[in-house]
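Starting off with a structure, shown below.
Labels for the chains are A, B, C and D, by order of writing; each one numbers its residues from 1.
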Amino acid sequence: MTLPSDLKDRFPLLSQMVHGHQIVYLDSAASSQKPASVIDAMNNYYRTINANVHRGAYEIAAQATEEMEQARTRIATFIGSDSPNEVVFTKNATESFNLIARSWGGNALSQGDAVLITDMEHHANIVPWQILSAEKGFEIRWLPLTPEGLLDLSHLDQLLDGVKMVSITAMSNVLGTLNPVAEIAERAHAAGALVAVDGSQYVPHLPTDVQELNADLLCFTGHKMCGPTGIGVLWGREEILDSMPPFLGGGEMILDVRRDGFTPNELPHKFEAGTPPIAEIIGLGAAVDFLSSLGMDNIRQHEITLTDYALRSLKDRYGEELVIHGPSDPAQRGGVVSLQYRDIHPHDLSQVLDQRGICIRAGHHCAKPLMKELGVGATSRASFYLYNNEADVDALVDSLELAGELFSV
Amino acid sequence: MSGLEELYKEIILDHYRNPRHRGELDCPPAHKSEGFNPLCGDEVSLTFEIEDGSIKQLRITGQGCSISQASASMMAAAVQDKSIEDVRMLSREFKAMMSIHEETMAAADQETVSAASLTLGDLEALKGVVKFPVRIKCATLSWNTLLTGLDDLDG
Amino acid sequence: MTLPSDLKDRFPLLSQMVHGHQIVYLDSAASSQKPASVIDAMNNYYRTINANVHRGAYEIAAQATEEMEQARTRIATFIGSDSPNEVVFTKNATESFNLIARSWGGNALSQGDAVLITDMEHHANIVPWQILSAEKGFEIRWLPLTPEGLLDLSHLDQLLDGVKMVSITAMSNVLGTLNPVAEIAERAHAAGALVAVDGSQYVPHLPTDVQELNADLLCFTGHKMCGPTGIGVLWGREEILDSMPPFLGGGEMILDVRRDGFTPNELPHKFEAGTPPIAEIIGLGAAVDFLSSLGMDNIRQHEITLTDYALRSLKDRYGEELVIHGPSDPAQRGGVVSLQYRDIHPHDLSQVLDQRGICIRAGHHCAKPLMKELGVGATSRASFYLYNNEADVDALVDSLELAGELFSV
Amino acid sequence: MSGLEELYKEIILDHYRNPRHRGELDCPPAHKSEGFNPLCGDEVSLTFEIEDGSIKQLRITGQGCSISQASASMMAAAVQDKSIEDVRMLSREFKAMMSIHEETMAAADQETVSAASLTLGDLEALKGVVKFPVRIKCATLSWNTLLTGLDDLDG
């Protein structure tokens, strides 16, 4: 099965003109565009059933609660979770990691312990540990990369010694690398560590099954998977979430509040303090419906094909003038292509491409330790999603030439 | 190409590829000031020596896009041997060219600027940046870093 | 100046039918309805400029950043702040309080210190302090109420002894009481304490000037002020926010990340980890424009008139059968009316009213310590906003009679 | 009034205003179980004594809406002197009336229920709740609290 060819039509933004060109959006790793069905789901919520949830006995409050909780159930199913109680809503993947670090780590970690992350992590999976480590004094250990940008597992078992948590990305937002999460998780579990997975780039693009991933905790973010801003997810095995103390305090997350203390609510509400992002949860539910209707297998296949085409086109046309980071086999990577073209700085390249309506990202992609490993300050990154096609890749490839001309003076 | 040629003038690319006054001076006697553009990660680090109220030497390290690095290089050439007073004026004139009108730049000041009739010279080549508002911060990064450094002298 | 009489037409939800009746929405203290202009602003964002902010050099990313930062500036102006750098976006007021407790309190509070809150606080301004207090061992002190439901300030100076933070609501979400924040702040400052204000019920309904309030920190939430879900605000004086360590760690909130640590970003980004709620910030900006176009003074006047009308109508019709909590003078209170009608439990009352399309809230309103003071388990609460009118009040008053009949068997 | 009269039947209001079996037994020998509906804040606290596998005494305290309190009062009357087995069956039958079909309620179980031919009796008066789905939790609060208490006996 392939994806329908008219997918762009379902995304209102993709018909926008930029500087006289129809937009070519190649920055989905930063944030994806939204199908009309997702935008409409939120509109409908605001226009017909908007009300605060969980505490209202009247009709629209009951409907809002029902829609929100149904979305939770569908999101749980989407990632192969046993129970909607394992799906905690946060504001983004970053908050999900802070929740893990503060709530799980604040309880479990102290001097002498270690947390293992990798050299390709996003700041969201680095800084929360650094903040906590400054308080608790545990060690942060880094799993290194091979020259091709894969995780180097040759010393994994040594590195796991004394580690209580392995927190790794399933897919790099810079290199595109897909990591062997299940294998690492097996070895981590054998060493007595828990495994948290950054699914921010993975869940939107590949079929996800938390059981197969062998993960204990999984973080992802709505806006990269056709959903709205302002919504993230923390999935966790029920017994692990149960063992963690609350993170933020306030309404909804309590069963009782007395002057001398409070009794936390049950999962998942224990971790959802205050009025939840109701419209955003409903929007993310619609996004998951949209993705499921296309089929995650088909999306993955489409992206492999497109990435393969892009890697070949770029190499064929520019050869040695171009450095492409990360693994060369499209089956080992997602649709993220970080490149360096001649001596043109990424910021300049992205500026030039913008004049043709082509959106790529330039910068450190919130992965400064990785930039240091790669020996660069920034990369230019094009990233693909279900709505991109070969014409988009052609536009990218052609426009590099323009940049080359401008900089050949 | 809607202003791209005006942005990437030859002289800018020349400064980008062959930056002037690269390096670092010993601190002390030199003073140091570091600047950072969180948007794109551009960095500029300046070391400079002051003598009799003038910038005697100024050296630059850093990394970033052509605009930020060329601007730093051009600035280094422009401020060499200028009095702190004149450097401040020049920076105001440069920012005015970048369409940045600072509140502190009162009418009286403006007169002074024209009175001093400092010319921007090579710096004029950066005028094309104005058409690309997100890049203005790149062009002004080194200037702001220098101004912070000069402010710290008094502090 | 009075408000336009056709305001209901600007709120799509208010033309909904519920159980055959046009909806009468009297639960704005829980969450307000949204004008079309706010819904449209978010639509427009998603349909025309959706892109991740702050790190994109291309056109729509620059526009998204610009729109978001302009919204920040307008929100700053709306509350009389000196600078947009003082406006930090969170996911709701609850997160704002957790930020204060964790970041300011985690740094400043230890055994022997005290935090003063009041008997009428929402759980959002109780539980974060309780969580921290369990770690740090400081004392939480409670400012009591008078029988009418005003703050009892007669022992304030004694209570302030040893207090480092006074954290109080500007308006009770149960009693409607408006508190003398500026006066308390003056005395708190004299005693060397900072003052955090819960503006969740105040900012949406009264002209707000942080300078006049004499506050150091102010929390409020978007969904109660015609804005979307998923967005809250923490305002703070620049020098106080500057002195506080980061709260959540991740992208956006850093200037640099190295293996051995990170350098935080400047205000306000230091406190905004991860992809911000971009659409929601733009939506809140549109909400603030909408409120400003009506005039906060006019909104306040409208609500005084309506509350006065409601209090009189209810008393006239039901006399002793009805208990209304909180101050009796409409000028001393906002448009929140908590009541007890005969022996009918609030949950039952709200169920009966729902059959007529009338939405009121029943429960503890996330203020369990206050419920205990009032000696009730729950109240029925009707709350008014700019779109309510005397016909809505009449519907409420009439329908109590129906409930009375049902329960007279 | 779309079912409101059916919801607020006279017998329900009577149990609400004159709850049966109010009070608390000493623990031990009695067992205690507390339930809580976060939606509306309804609370039920049960104490009960078990003798020869049957509920000998059961007392209730708590607060909440007419449905939750009347349901608790009716339950207390219904389970008095019933075997734990029968109480469990009765609770399934009650929940089935509330349109709650538990996964654990296999076909075989259902037969058993009808075989035992336990009648809901007064409890039938709560049938009107089904039309108001948000209130089902109110009606089942006391039953779930009792089941939790019985489960804890084995635990």
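One rule holds in what follows: a contact is a pair of C-beta atoms (placed from the backbone, for glycine too) under 8 Å apart; a residue touches a chain by one contact, two chains touch by 3 or more.
Keep in mind it's a predicted model, so treat the numbers as computed, not measured.
Set side by side, the interfaces B-C and C-D show unequal numbers of C-beta pairs in contact, with more at C-D. Spacing of chain A relative to chain D, judged by their CA centroids, is 46 angstrom. We define each chain's centre as the mean of its Cα atoms; on that basis chain C and chain D are separated by 38 Å.
Look at where the CA atoms of chain A average out and do the same for chain C: the two points lie 31 Å apart.
With touch defined as above, residues shared between interfaces to two or more other chains in chain D number as follows: 39-40, 134-135. Looking at chain C, one finds that residues 19, 55, 57, 256, 347, 351, 362-363, 368 touch two or more other chains.
Because contacts link the chains in a way that matches no line, ring, star or complete pattern, their graph is best described as other.
Listed in rising order, the residues of chain A touching chain D in the complex are 54-55, 57, 62, 255-256, 265, 269. Listed in rising order, the residues of chain D touching chain C in the complex are 1-2, 4-5, 7-8, 10, 13, 16-17, 39-43, 63-67, 69, 132, 134-135, 138. Chain B contributes residues 36, 38-40, 133-135 to its touches with chain C in the complex. The touching residues of chain C, counted against chain D in their complex, run 19, 343-348, 351-352, 355, 362-364, 368, 371, 377-378, 402, 406-407, 409. Listed in rising order, the residues of chain C touching chain A in the complex are 12-13, 16, 18-19, 23, 27, 30-31, 33-34, 39, 42-43, 46-52, 55-61, 91-95, 97-98, 101, 122-124, 126-128, 130-131, 134, 140, 142, 221, 223, 228-232, 246, 248-254, 256-259, 261-262, 273-280, 347, 350-351, 353-354, 357-363, 366, 368-369, 372.
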